[in-house]
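Both complexes shown next keep subunit A, but they swap its partner, so subunit B is in the first and subunit C is in the second.
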Partner chain A sequence: MKRQVPLLITLLVGVIVFLSGVMTLKIGFFDLKTVSSTMTGWGTLVSAFAAFIAAMSLVLVHVKRIQAVKKNPMAVINSLALLISMGLMAVLGIAGQLTQGRPLPLFVLIFNNVINPAGAAIFAMLGFFITSASYRAFRARSLEATILLVSALLIMLGRIPVGEQLWSQFPALADWLSNVPNAAAQRGILIGAAVGAIATSVRTILGFERGHLN
Partner chain B sequence: MSSANEQNFHRSKSNPNVIDNSRSNQIGGILVTFSFSAQGINTLFIVLLIGYLGVFFYNKARKGELPKMRRIVGLDVIAEATGRATELGRPVHFSPGIGGITNDVAPQTMAALALMSYVANLTAKYDTGLVVTIRQGVVFPLAEETVRVSYVNAGKADAYNQNMVRFISDQQFAYAAGVMGIFAREKIAANIMMGAFWAESLLLAEAGSQVGAIQVAGTANMTEIPNFVVGCDYTLIGEELYAGGAYLSQDPNRLGSIRAQDIIKLAVVILIPIGVILATANITFLKTLLTY
Partner chain C sequence: MEKLLKIDKKIIYSLLIFFLILPMFLPLNIPLSISSNTKAVYDYIEALPAGSKVLLALDLAVTSRAELSGQIFAIAEHCVMKNHKIYMVALWDAGPMFGEQVVDAFPQLTYGEDIVNLGYTAGGETGVAFIASNILNAYPVDYRGNQTKDLPMMKEIGDINTMDFIYCFGAGSPGPREWIRQVVTNYQTPFAAGVLTTSAAEYAPYVQAGQMVGVLGGLRGGAEYELLIGKPGASLAKMDSESIGHLYIIALIVIGNIGYFATKKNKK
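So, the complex of A and B:
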């Protein structure tokens, strides 16, 4: 039963949602699209509860770290910061929804001035990481690595003004590399990945894919 | 519909791609309306074909006619990476991606969960530490249960620790920062990233490289494949991620499905040059058929 019930639910919901995307069926008051959108709404509810469980797990992990302060005192600072900020934003968010039906100004202020800039800062590290990854990757160790190196060099020269100054055809060559062999390879991978995604979805709906149920 | 039993075949004014072939009938006093969207017919055909072929080849695989799969180095090396982590006494990190299971990247997450089961089984057998980091809350219970059952199946139920599966954050870069911190503090020896990733892929790959971890990654997101190719030691590209579960488990179900995928891809490969030639000769019946 522990496996059969989830598989049955998966089959029923999967078939209904899939069919609602390819056909319209109305029998009296029964409308396939309405049933499908209702089930999608239930899915959103289940996701919200799952997110709550995940948040509770996060809280428990960090509470345990704080309790084990003697083992690792420095970890307590990070755990406290996480719990305080998590609690603060949760309280502000809930209070805003309950009282005004929208986020409170303080919530928006913290989100715009702390969370967004922090995310942008981490994102900005990509520039440096791309440089270090390129330094490690673009080496002529094998035929494939040499092709990668030469292609990357041509693309870089084609995209910067200095490249065009060195040879006027570098931009056209870079465009050709991007639009012809690169696009062809991408489309090939895309076709394979798309067919794989369909097959995985069909397997999951029909209950053949049970890796998540064990 | 102006009246019952009326049948309309014309292009919908609001969306020319939809052929309004809606049909209404009164059956026992109940109005029944049924119609197909233009693309829906093609979609339904492909899905039914893949489903039929999957079941056909599954039956063949169950009788012992297992399809041969080419060697996928990235999957073979997972066991080696886990062994290396065991020797070094450092944990293995696994990430099933930052996509969820309710959007268009759900198949990648499902494929990643299947691979997570395999990795958890290995770490249970070798008594290696395992850290699974989760971004999407909805994936967390699935991941927790997958790891727990893998440990139970390996006979190491007492070795399972709730701290193995950690929800980090649902913000993309907060997740990346958290995982990078885990890499640095816990000195992971093997980093396995399977599933849907976006911009944080290179951050995680570089962070893993900085701590000297052996890295295996797989995604079907086109934009991140180059990041993994340059940042990781082994990369599974596109469909190799979906084939991972079948390759490692040799389960007839999954192998039959892989064979079905290959048949469909072969059909596409054959149709492409035929379509190019026909389109060049201005013969449009194939295009009309496939875009009906």
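So, the complex of A and C:
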């Protein structure tokens, strides 16, 4: 029963949602599209609970780190900072929803002036890593590496305004690289991935694939 | 020549910061051409009749805001100029906060009549399918706690076909691909997207297949759109820094290869 019921639910939901995409069926009160839409709504509810579980899991991990302070004292500072900031935003967010149905001004202030700049700073660090990595890794060691290097240089020169000023054909070359060889390769990958996804989905719906039960 | 292979990281990073900041004090005003993708998106929104319903999907996190915010405000500004109704949804949790920034950026609009921030939907691709089947069911209340059935601009809203155009600001998954699979494939709603520069090339097959009107790539896409609507903004201002930064990286790559081949020759 432990495995049969979830497998039956998977089969039922999978078949209904699949059929609603390819046909219209209305028998009395039963409307396939409405049933499918309702089930999809349940899916979003389950996902919302999954996000809550993820948050709880994060809290547990960091509470354990704080409890193990003797093993790694420095990690406690980071864990405390995470738990305090997470707790503060959670309290502010929930308080806002309960009192006025929208975020409190303090929540918005912290988001706009702390979280936004911090997120931008984290993403900006990538620029430094890419610069250093490009300098060290982009070497014309072989034919394939040379093709990669030349393509990367052409794309970079084609995408920046100063490249067009250096030679007016750089943008056209970059567009050709993007729309012809790149698109061909991407198309192959997309179709291959889609065929794989169809095969996995059919196996999951029919119960041959049971990874989602673990 | 071997020294060319061993430039200290501190020097590399310091010069990068210098070259990125320099154009902010000494603007170069390098001319910018408009790509066919950006023009296609602009022409489509421009051609929509006044009062058309445009759905903006804010599927991005705070880390992507710096790159995509120019596009967000430029596209929203264009919709405002054309008197289109703006409906904002989000598949990422930070999306609604950016939606509020868009609402605040256009105080002349009446909330609930011209613009609405419907909020976040969990579930990724399942969430997209749910939104597509019935927008009112997916959002019984908006992000501000209003009952959506009481908002004037939500009166005629049903499934996704009631939208005239969808634009997704995507920083990953869920994002444009999920909208294409669940909405464009099933409902054929016109769709375009603005993505990170590194992801733009991945959407070439969708544009060529006609599933997307166009795709705007990162900062440059935002800068081009600002030029098209005649409202130069933050994205355009940052293009000089992007140009000089890229030139610096190209110079480093060339220096590295000169050092590599010179060292290889010496060893022989």
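The rule is short, and it goes like this: the second predicted complex is superposed on the first by the 192 of 214 C-alpha atoms of A that agree within 3 Å, B and C clash if a C-alpha of one lies under 4 Å from a C-alpha of the other, contacts with A are read in each partner's own complex, and residues count from 1 in each chain.
The definition used in the following text is that a contact is a pair of C-beta atoms (placed from the backbone, for glycine too) under 8 Å apart; a residue touches a chain by one contact, two chains touch by 3 or more.
Values in this document were obtained by computation on a predicted structure and should not be read as measured data.
Within the superposed three-chain model, A:Arg139 lies in touch with subunit C and out of touch with subunit B [touch as defined at top]. In the superposed model, A:Ser37 makes contact with subunit C only, not with subunit B. Of the two partner chains, neither subunit B nor subunit C is touched by A:Ala172.
Judged by the touch definition given at the top, the superposed model places A:Glu164 against subunit C, while subunit B stays out of reach. Contacts of A:Leu190 after superposition: both subunit B and subunit C are touched. Of the two partner chains, subunit B is the only one touched by A:Lys26; subunit C is not. When both complexes are overlaid on chain A, the residue A:Ala90 reaches neither subunit B nor subunit C. When the two structures are aligned on the shared chain, A:Phe123 is found in touch with subunit B and with subunit C.
Residue contacts after overlaying the shared chain place A:Ile115 against subunit B and subunit C alike.
Overlap of the subunit B and subunit C interfaces on subunit A: residues 21, 43-44, 46-47, 50-51, 115, 118-120, 122-123, 130, 132, 134, 136, 138, 186, 190. Only residues 7, 9, 12-13, 16, 20, 28, 30-33, 35-36, 61-67, 93-94, 97, 100-101, 121-124, 126-127, 129-130, 133-134, 137-138, 141, 143-146, 186, 197, 200-202, 204-205, 208, 217, 220, 239-240, 242-250, 252-253, 255-257, 260-261 of subunit C touch subunit A when the two sit together in their complex. Residues of subunit A that touch subunit B in their complex: 18, 21-28, 43-44, 46-47, 50-55, 57-58, 61, 64, 115, 118-120, 122-123, 125-126, 129-130, 132-134, 136-138, 186, 189-193, 195-204, 206, 208-209, 211-214. Against subunit A, in their complex, subunit B makes its touches with residues 22, 30-37, 39-41, 43-44, 46-47, 50-51, 54, 58, 100, 102, 106-108, 110-111, 113-117, 134, 137-142, 144-146, 149-150, 153, 162-163, 165-168, 170-174, 176-177, 199-200, 202-203, 205-206, 209, 220, 222, 225, 227, 229-231, 237-239, 241-243, 245, 253-254, 257-258, 260-261, 264-265, 268. Per the touch definition, subunit A reaches subunit C in the complex via residues 21, 33, 36-37, 40-41, 43-48, 50-51, 97, 100-103, 108, 111-112, 115-116, 118-120, 122-124, 127-128, 130-132, 134-136, 138-141, 149, 152-153, 156-157, 159-165, 171, 175, 178-179, 182-183, 186-187, 190.
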